[in-house]
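Presented below are the structures under discussion, each in the form of structure tokens.
Okay, so subunit A shows up in both of these, paired with subunit B first and subunit C after.
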Partner chain A sequence: MRDSLGRLRGLLRKEFLQIRRDPSAIAVAFLLPAFLLLIFGFGVSLDAHDVPVGVVVDHPDALAASFTGKLANSPYFQPRSFAAMAEAEKALASHEVTAIVWLRDDFTRRALSGGEAPVGVIVNGTDANSARIVEGYVQQAWANWLQAEASERGAPPPLPVAVTQTVRFNPAVSSRDYLIPGLIAMIMTLTGALLTALVIAREWERGTMEALMVTRATIREILLAKLLPYFLLGMGGMAASVIMAATVFDVPFHGSLAVLSATSALFLLAALGMGLLISSVARNQFVAGQIAIITTFLPAFILSGFIFDIGSMPAPVRFITHVVAARYFVAILQTVFLAGDVWAVILPNALALAAMAAIFLGIARLSARKRLD
Partner chain B sequence: MAAAPEPAAALRLDGVTRLFRAGRRSVVAVDEVSGRVERGAVTGLIGPDGAGKTTLMRLCAGLLLPDRGRIEVLGVDVVQAPAAVQARIGYMPQRFGLYEDLTVQENLDLYAELQGMPAAARGPRYEELLHMTGLARFTDRLAGRLSGGMKQKLGLACTLLGTPELLFLDEPTVGVDPVSRRELWAIVDHLTRSEGTTVLVSTSYLDEAERCRAVLLMHEGRLLGADDPARFTAGLSGRSFHVTAGGLGKRRLHERLSGAPGIIDATIQGAQVRIVTETASLPSAAALLPEVPDVRIVAVPPRFEDSFIALLKATRGAAGTPPAAGPPSVAAPARAGEGEEVIVVHNLTRRFGSFRAVDAVSFSVRKGEIFGLLGANGAGKSTTFRMLCGLLPPSEGSLRVAGFDLGHAAAAARGRVGYMAQKFSLYGDLSVMQNLRFFSSAYRLTGERRRRRIAWAVEQFGLGPVASTTSRDLPLGYKQRLALACALMHEPDILFLDEPTSGVDPLARREFWHRINGLAEAGVTVLVTTHFMEEAEYCDRLVIMAEGRILAAGDSESLKARLRAKERPDPTMEDAFVALIEAAASGRAA
Partner chain C sequence: MWHQVFALIVKELLAVLKDRKSRLVLIGPPLIQLMVFGYAATFDLDHVPIAVYDEDLSAESRDLVARFTGSPVFEPKAFLRSARDIDQLIDQRKVAMVLSVDRRFTRDLLLHRPARVQLIVDGRNSNTALLVLGYANSIITDFSLSWVKGHGGRAPPAVLEMRARYNPTLSSQWFIVPGIVAVLTQVVVLLVIGLSVAREREAGTFDQLLVTPMRQIDILLGKGLPGLLIGGIEASVIILAAILWFSVPLRGGLLPLYFGLFLFVAAVTGIGLMISSLAVTQQQALLGAFLFMVPSITLSDFATPIANMPSLIQDLTQINPMRHFLAVVRGVFLEGATVPSLAPHYWPMAAVAAASLFAAGWLFRRRVY
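Presenting the complex of A and B:
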């Protein structure tokens, strides 16, 4: 027992020294997360802001000017006037504008006659996501304007009655607020699975694993010595991401740190288990990296509900998402950040994570042999 | 516990077989090997690459399971109780098993913990090992920054921490400079004498057999013989001779002798040709070389390599011998400019950051010469080569190949140069014939000429029977032939060979040099790098490199002659190399 602790201590010290001296480990654990957070925090957003919109007004008059003024004042649009539809369509085709708002010649008459105004909205459908958002925004802008116009005239709100939306849990409907919690799952997948698979593959590549296997160190000690440091590194990456999310991006945090830490630990164990499993198949860094990206990072990205809603996936794909550990963790993260400790969400997902961690680590432990074949 | 009588052997192998599956085929890596390693001595596991040495070592260390047979290490069945075996042995894998981003001391600390050394015992053992390996001054240096020889010694020190009873060293000397090789052997000898350690060391250097108490000779997975090295050569006494002929150049002489009846082996040794005969009788000059004047035949002592060749020839029989290739019919360039310098290198320097991989190297090669760059791994040979081929721009200095600077006037000059890269850069997924077709079109051969050259390659290199074999599956010797055939496709008059014979068996190596000799005779200029000291003997002239600099230049005879003394009447190329490195080191210290 004392010998075993001594060996484990030696292996752990070695691992920490290597992490300290190898810039790539630090890069994957801390720089990559910061980089991803910055990209998703500032660069990628599913919200529409200052969308360039072409405006074509067939009959410019006061009422039409009032509507286009409304568009210009909105934070969502950046209107540009075109004299004719043909010009606007050219701009649409060349992506200079994302949509065209067309006020036809009978706009004023029909707007005053009861809300059925012919506002033509033409959107560029190549980016379906933006198109839908813009469409929604224009509709909203139209409804708001109608209401404002009507109340100005002292008339009752026209039909159809403007829909009032109330968004719960993400009142600003800011996509950043739900992307960033999900991103933490990606970041932990990177340190847990990718980094672990890489460092073990590196030991195979350099022949040091062969040397370790012939020492008295047992396979359990060798595996533990890989798990512990990268567990700490992954939790460190998680903590750094949470702090960055809260301070730099002002993402609200409604849950408790205890729940966040406990579920993160479960998820990290599952990711580490995957990393160990990958390293038992891939014995060079290139292959290990490829497998880790394809089997852990990409599914976490696409199938976890981080960006694409699982509910709207076709049934077979939805079924596959159940084996993606990130799916459960993303659900937990989004809940803990935006809604709080909602046990009905957290418990089943945490249970699923625990099961996956147990399965992956179990298989990794059972399949590991102190042998080369 | 009732003390069972300790079995005398440190290692017993009984019918050990191990297969590897490569796709649908299975390859026998170790084939019915039985043998034993005695305690308290150095046993050599000797054979060329692919002989199964590493697999056998891994089987013994419990890293692989045998498919059949029984392995007993220190009286313990390694399949049943690998952990019990591993607690008592030391094992150094081929790349020494060092953590390059850890310092010397940190590597030692790690392995001390892993071998369960009590803290109190560490200090004295560290001191002893650091002293023995000469690493005491470098404890704070990262292992990755050590030279090849120092890494090798650190790797050895790490495996020795727990004072193992049995030590497995897997090719510890490959690619390491001769000085470090000698130092390693000195350490191993010291271990067996003072600590009673049993050592099994694998090597592909046949001359290292003579340093072992016993030898297990392997080839293609089988054990060819197991004996005292002296007994291997005993059967060959009186069968080795040096032959010189005043009227014939050494290559012509070699040519005549290598196919001659009654001679099983002929190699060039400096100015002489060394032969091994079938029977122990002094061959008569008249019978051997009729009509050649001034023939002298002197008996010399047999070497281990002679017995290996004899054993190989015996097992393969006449059918297995590769076709005795005549000089390949390369269109002999006009030999008008005999002695014309076709490669001129002046003050060539290549820096990587502050490190000078090649440092002010100058030499020139004449037409039709075989010119060698000799040195250990990391001496700067490959960097020099890459600059000559125009693959790497020099930091300083000038170089011209066939009148061109390959870095600039690439296309024209490259058409005249053939290049055979280390590890034979062939397309492993293509068949032999597909490789030939690809390389011929890469050299822009077309139509009739292309067809003729491919036919020539198949015929000259005996590739007919393997034409449709996937190159990856070829034996190493055939890969080497194919690579040479590809490099010669466009009839170059300058040939660059980078470590061409690394790891191939001695028969394949002889055949290879036979071809190279033929090419040189036909006027092709050959530039070759090697870390096999004995291959220097095939070169007309050579330079010896270490740490990026040229230590000496000349022909092998003159390099060895500097060392000839009463106590060393017949120094080897390795002796010469060691003396040069030591002189350089003491020169720097002074």
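Presenting the complex of A and C:
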């Protein structure tokens, strides 16, 4: 036991020395998260504002002006007038406007006689998500106009149902507040895999693995010595990300630090374990690097529920998302940041992370046996 | 001279394709990812779990609730008897929305007073929250309009007629799958190029390459063309799959698409070579590859619109080849864009390609250790 501790200390010293010699690991742990969080935090947003909308009024009059006034008052739109539909269509095709609102020349006549004058709303559907959100905003402006117009004439409300909306945990419906906790999970996935993906492959490639094998160090000690320094670096990076999220981006933090630290540790073990597994399977840095690029970022970006809702995916794809560790961490972080310690969400996800960490580290341990071939 | 370049190309291709694991990584995962991501990356909502708390329990309120339960977008998970459970269901993510109908709903309707309905949504995913609210509001608006009509009220003066150009059903798959073409092409090129110079540096064989009679331009061609080749082939496979499997309409011609693809792959190759020749170790090259890949995908219109970014970052995205290639792919696929209309996206890619390839060639010689 004492021998083992002594050997472990020696191996740890070697790893720390190696990290100090090539500081790219420290850059991965601290600079990468800070850099990515800054870029994403400012760059990634799903909140549409000042959407350029072309407005075509075939027959301008007071009623048409009251309608277009509602569009101009909305914070979501930046209306631009066009004299004719053909021009507006051209602007839509060249992405100068995202949508066109068209009041035909019989707008006022039909509105005042039978009602139901058709207002054409044409959106550029290429970006379907933005198009749908813009349609929702136009509908909101239209409903506001209907109510205002009716109350001006003292008529009963044209839309008798009054809807109050309560958005829990994120009353301003700011996408930044939900994206940033997810981003932290994304960034830690990258950090974890990047830190360890090459470390064992490097030893194999340089032949130093064989040198390690002839020592009395067991494979468990070798792996532990590889894991521990990077775990500490990773936790440091995680702390830096959380502090940045709370200070630079003002994301509310409702949970407890204890839960956050414990679940982060579990996630980091899973991420580092995956890196170690890649490293010991690939045995050369080139292939390990390729596998790391392929298996970390895109799956974590698309399959974690960070941007795309997992519930809306088809069942087979939903099933696949269960092998993406980031998925569980995204759920935990979004809840811990925005809602608090909701155990019904945290416990199952933390258990899944623990299981993944155990599996990755277990397989890495098995596949890194002391053998030459 | 050409046979020297050719020999280097053959050697580079062998280095990538000879290793069984490396070959597998290049062929298997991109195709699997195309299939999985093509279905996973969707903003379309489907069977969103909701709970209903109807305090009125009248014919009117049942009609309103039925419009929700009958919609394919929503799936009722619970009908609540008291308001107590609402918060808990949302907190634990059992449901994404609770529809709560006031107990004076029918009375207020008949008295021409605002009849109250409350929508409580989970804001932890604000995009889903916005879309859920959008769907719910349009269902409630339809209910209002038809109720007024059925009770002798006056028809609303105007109604909206929504149409979408280029993507009439607003399918996110049509938006995302062409995006995946661009993303996976970039990943594959980086896989081939990103570590290639760093590996030779670490192994010491790059110095040997430098003392051969080959000029910088020859080494550049020998190192870069394999990326162009593999990237082009892989992109073609993915484009075919997008058309044949995902049935995304290809409205434009192949010329504007492949001209864009050529410039894009050249730009990514240049950046990959630049990263690779700046790095001393493969670890650093891998870090560099990620430092380029991650921002280039997130700041590209792939999943989140550039239009929503602050203007400074919008300007910054002009140097991102991915952003321009996405505009080319989506433009050609959905909007039938032509070469002249895509010119504003071609030249930035060409500029990045020229600058990065030049820098990479320069770095080959300058960075000797």
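Worth a mention:
One rule holds in what follows: the second predicted complex is superposed on the first by the 337 of 373 C-alpha atoms of A that agree within 3 Å, B and C clash if a C-alpha of one lies under 4 Å from a C-alpha of the other, contacts with A are read in each partner's own complex, and residues count from 1 in each chain.
Here is the rule we use: contacts are C-beta pairs under 8 Å (C-beta built on N, C-alpha and C of every residue); 3 or more make two chains touch, one makes a residue touch a chain.
What you see is a predicted model, and the numbers here were worked out from it, not measured in a lab.
Once chain A of one complex is fitted onto chain A of the other, the partner contacts of A:Ile133 are limited to subunit C, with no touch recorded for subunit B.
Once the two complexes are laid over each other on the shared chain, residue contacts for A:Leu257 go to neither subunit B nor subunit C.
By the document's definition of touching, both partners, subunit B and subunit C, reach A:Asp22. By the document's definition of touching, of the two partners only subunit C reaches A:Gln334; subunit B does not.
For subunit A, the partner touching the most residues, choosing from subunit B and subunit C, is C. With both structures placed on the common chain, the touch criterion links A:Met213 to subunit B but leaves subunit C unconnected. Contacts of A:Lys14 after superposition: subunit B is touched, whereas subunit C is not reached. After overlaying the two complexes on the shared chain, residue contacts for A:Ala84 are found with neither subunit B nor subunit C.
Residue contacts after overlaying the shared chain place A:Gly120 against subunit C, while subunit B stays out of touching range. The residues of subunit A shared by its contacts with subunit B and with subunit C are 22. Across the complex, subunit A is touched by residues 19, 21-22, 25-26, 29-30, 33, 36-37, 39-49, 64, 87, 90-93, 96, 108-109, 112, 114-131, 133-134, 136-138, 140-141, 143-145, 147-148, 153-168, 170-172, 174-175, 183, 187, 190-191, 194-195, 199, 202, 281-287, 289-291, 293-295, 297-299, 301, 303-305, 307-310, 313, 330, 334-335, 341 of subunit C.
For subunit A in complex with subunit B, the touching residues are 3, 6-7, 9-11, 13-14, 17-18, 21-22, 206-208, 210-218, 370-373. Residues of subunit B touching subunit A in their complex: 58, 61-65, 82-83, 86-87, 89-102, 106, 109-116, 158-159, 162. Against subunit C, in their complex, subunit A makes its touches with residues 22, 24-25, 27-28, 32, 35-36, 39-40, 42-49, 51, 63, 67, 92-94, 98, 107, 111-112, 114-133, 135-136, 138-140, 142-143, 145-146, 149, 155-171, 173-175, 177-178, 190, 194, 197-198, 202, 282, 284-287, 289-295, 297-299, 301-303, 305, 307-309, 311-314, 316-317, 320-321, 331, 334-335, 338-339, 342, 344-345.
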